[in-house]
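Note that the chains take the letters A, B and C in the order they are written out, and that residue 1 is the start of every chain.
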Amino acid sequence: MFRHNALRCTVLLLLAAAALFQALTAGYFGLEILTEILILAILVLALDIAAGFGGMVSLCHGALMGVGAYAYAILSAKAGLSPPVAMAAALALTGGCAWVIGAICARSHGIYFIMATLAFGQMAYSYVFEAPVFGGDDGLGGIARLDLSLIGVDLNDSRSFALFCLAVLGAVYGASVLILRSGLGRSLAGVMHNEQRMRALGLTVWRVKADVFGLSGMIAGLAGVLAAQHVMYISPGLLSWTVSGEALVVVILGGLGTLVGPLVGAAAFVLLKHELSALTPHWHLVVGVILIAVVMSRANGIFGWIEACWGGRAERRAAKAVRKQKTKEVLSDA
Amino acid sequence: MLETRNLDKSFGAVHVTRDVSLKLERGERRVILGPNGAGKTTLFNQLVGELTPDSGSVHLAGADVTALPVAKRARRGLSRSYQKNTLFDGLTVEENLGLAAAVHTGSATQLWSDSLAKPEVREIVEEVAEQVNLTDFLQARVSEVSYGVRRQLEVGVALATRPHVLLMDEPTSGVGPEMAKGFHDLLNNLPRDLTLLIIEHDMDLAFDVADTITVLNYGEVVFDGLPEAARGSSLLKEIYLGSWEDA
Amino acid sequence: MAHDLGFWTLQALNALQLSMLLFLLSIGLTVIFGLMHFVNLAHGSLYALGAYFAASLAAIGGYWMGFFLAPVAVAGVGILLYSGLIRRMRKSGPMAQVLVTFGLIFVMLDLTRIFWGDLALAIDVPTLFAGRVELLGIEYPAYRLFIIGLGLAIFAALAFVLGRTQIGAMIRAGVDNDAMASCLGINVERLFFIVFCVGCALAGLAGVVAAPLLSVTPDMGLQILIPTLIVIVIGGLGSLKGAIAGSLIYGFVQTFGAVLAPQLASVLIYALLAAVLVIKPVGLFPAKG
């Protein structure tokens, strides 16, 4: 079950403030990077719900994001649906796909779960790559952004779009916390800690897993819809398994099962990528080395590490308080 | 209430359950005795559905449940505790009980509300916590409490699904005599209409709570009857106490 | 679309050749997993490395120098990886292993780019197998037959080693229960090391033999990784039987799928994998029941 503590709230507020400041003041390039971070953050929140809180380490979340993006692109650009309707339909479709994948994979654990999700992700990738309606390797262009002119917002302006993504991310974060604190979220925690006992208590475990995976997939689809609107062009590369792998890297680098950590991870990853790729074409090398170092250090990512340090301090403080209390009692007894 | 007919199970060459037919009436309290390796836990696993018997059937409240998965049997009022603690270690005692109560009340899959905040869940949690003496430990994490407390919680979690039939696998396993006495009181305070099937090694406890006794040896029912008869039976002494003294 | 018998023979041989290539890759990966419970996503990178070593060595001393030395060189890289990273990651969960080896993919990808550049390298088919051979009424490239033969030979050798020799018995015992195996006095640590090196060498060998057929590019390891993983998951982790069965299934489904249902070919194999996982979540022939 997810709990906020002082550290998480502080980091969350700092992140929100930084993003808002950036969104209001940055130039075009800064806004592009910010939007990229925000969209990745939505994807990794989705993955953290499944992997961090449900133990469902998925290598198909990139593909689910791609399904959302393609569904939106096809429905809005080719089928002529209005963007809000296309968006809702894309989310429903991605959620449905993810629910089915979750239901099928619910019996698999560990490496088999990872491989099974990888297979489904690759299946989507190959299908999109091959089917002519999706434009194959060339991808699809001319994707429209949501029209918010009714409330006086023009999303074609990159500042407005960044702010819009920030608002969506905020909503997704709130929804994630609600999901994790619901009856479903508590049961998910139960399943992750002890699946056998949950079953013995009468819980239909696969349904819980499928429901959560479906919700998580829907959020990934939302990231895809935003990504399609952001770049206004999509290609099958979006569904490649390396995208899922990178999302997993971000969740781990940030801190699995902390929600806030993956947000930090998303910001760090995108910034690092841009900084490094300006310096060297071999930025993957550096990212790879950092990844290996973090995982080998056995800390739960950047945020996990901070939390552990913080937790150590808090524990020492608590111990000190207990000692003081005891001394007082001894004194008053005397 | 709970019945097995000709239950049979082998693992390769090892015949772990031989033609076991049991019948428990509603409210009956039966203790299963038998030396280690007699197939007691294996029988439990087949009753709850964690193992599928090779042949024979399991009936719960008159209905054949042999083909039903674990969760569906549990929802029909069959609950069990484990010989080895099978708890949610990272969660608090309250959350452990709450998970079970939430499944029972149907709020375990709800997306729109926190199951632990629901009055019907809270009511069960508090009541069970009182029954198993855990009221003072509700906020403690399972990983932080003593073995004895976990042992109580093991039974508490099984009780929090408000079962009609409760299977307890050696509830006093590994606890001291004082705590065993506590379990004794707990068992005597359970509602009379709850059907109980208990695997127990503590003879005093067994003969005290049992309405009926079943003795298993090499997977086979070798005695089935009243405690008084079991106490006098030379067969039981030979099989159970004999091997017990040897060990 | 009347295809004659020759056409189908050709397709069957193509399928077999793909299967054997995948077998060389998957056998190392699957036994390493079965024995050490270690998921090495960088296995494909070792394959790419094998191809690059072969390309460089072939430029110096011809194809056969690469053929014999490149697998050894890849095994050398395997030793470095084993002592530097993998020994320490053995007890970590699958997720940590997936991530570390995912990081390794990034690192090795860029390292090959730095050393050999982005452009594709080509190496020639050795003169010994340069021509075509008349077989079952069709003409078939001798080099592809060589790959089929090599794969079958390695399969036979491994079946003999695993089934009939003492070290094979040790490996099987280790796959079955490594704690018990070490109680029986088997030096499990050394066994792991040997198996890991042999697995790496076989991956390198696969890279060498694939090099003349495909062009040698930095991402060839990434491209082969997914098929290899599919093979071992369909076949079941840890077993020789699983690796060969999975390879054949993949090779034939892929090749004949492309002929019979071109639109569905690539989706077909993933659908098959999903179906296997639904029906038998641990694959067709897992080493452990």
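Convention: a contact is a pair of C-beta atoms (placed from the backbone, for glycine too) under 8 Å apart; a residue touches a chain by one contact, two chains touch by 3 or more.
Model, not experiment: these values are computed from the prediction.
The touch graph of the protein chains shown is a line. The chain with its CA mean position farthest from that of subunit B is C. As a whole-number value, the distance joining the C-alpha centres of subunit B and subunit C reads 50 Å. Mean C-alpha positions place subunit A and subunit C at a centre distance of 33 Å. Work out the mean CA point of subunit A and of subunit B, and you get 41 Å between them. Looking at subunit A, one finds that none of its residues touch two or more other chains. If you check the complex, the residues on subunit A that touch subunit B are 1, 179, 181-184, 186-187, 189-190, 193-194, 196-205, 207-208, 211, 215. Touching subunit A in their complex are the following residues of subunit B: 48, 50, 69-72, 74-75, 79-80, 82, 86-91, 95, 98-100, 102-104, 107-116, 118, 157, 161.
Here subunit A touches subunit C in the complex through residues 51, 57, 104-105, 107-108, 110-112, 114-116, 118-120, 122-123, 126-127, 129-131, 241-242, 245, 248-249, 252, 281-282, 284-285, 287-292, 295-296, 298, going by the rule given at the top.
Residue ranges of subunit C in contact with subunit A, taken from their complex: 33, 39, 85, 88-89, 92-96, 98-100, 102-107, 109-111, 113-114, 222, 226, 229-230, 233, 237, 263, 265-267, 270-271, 273-274, 277-278, 281-282.
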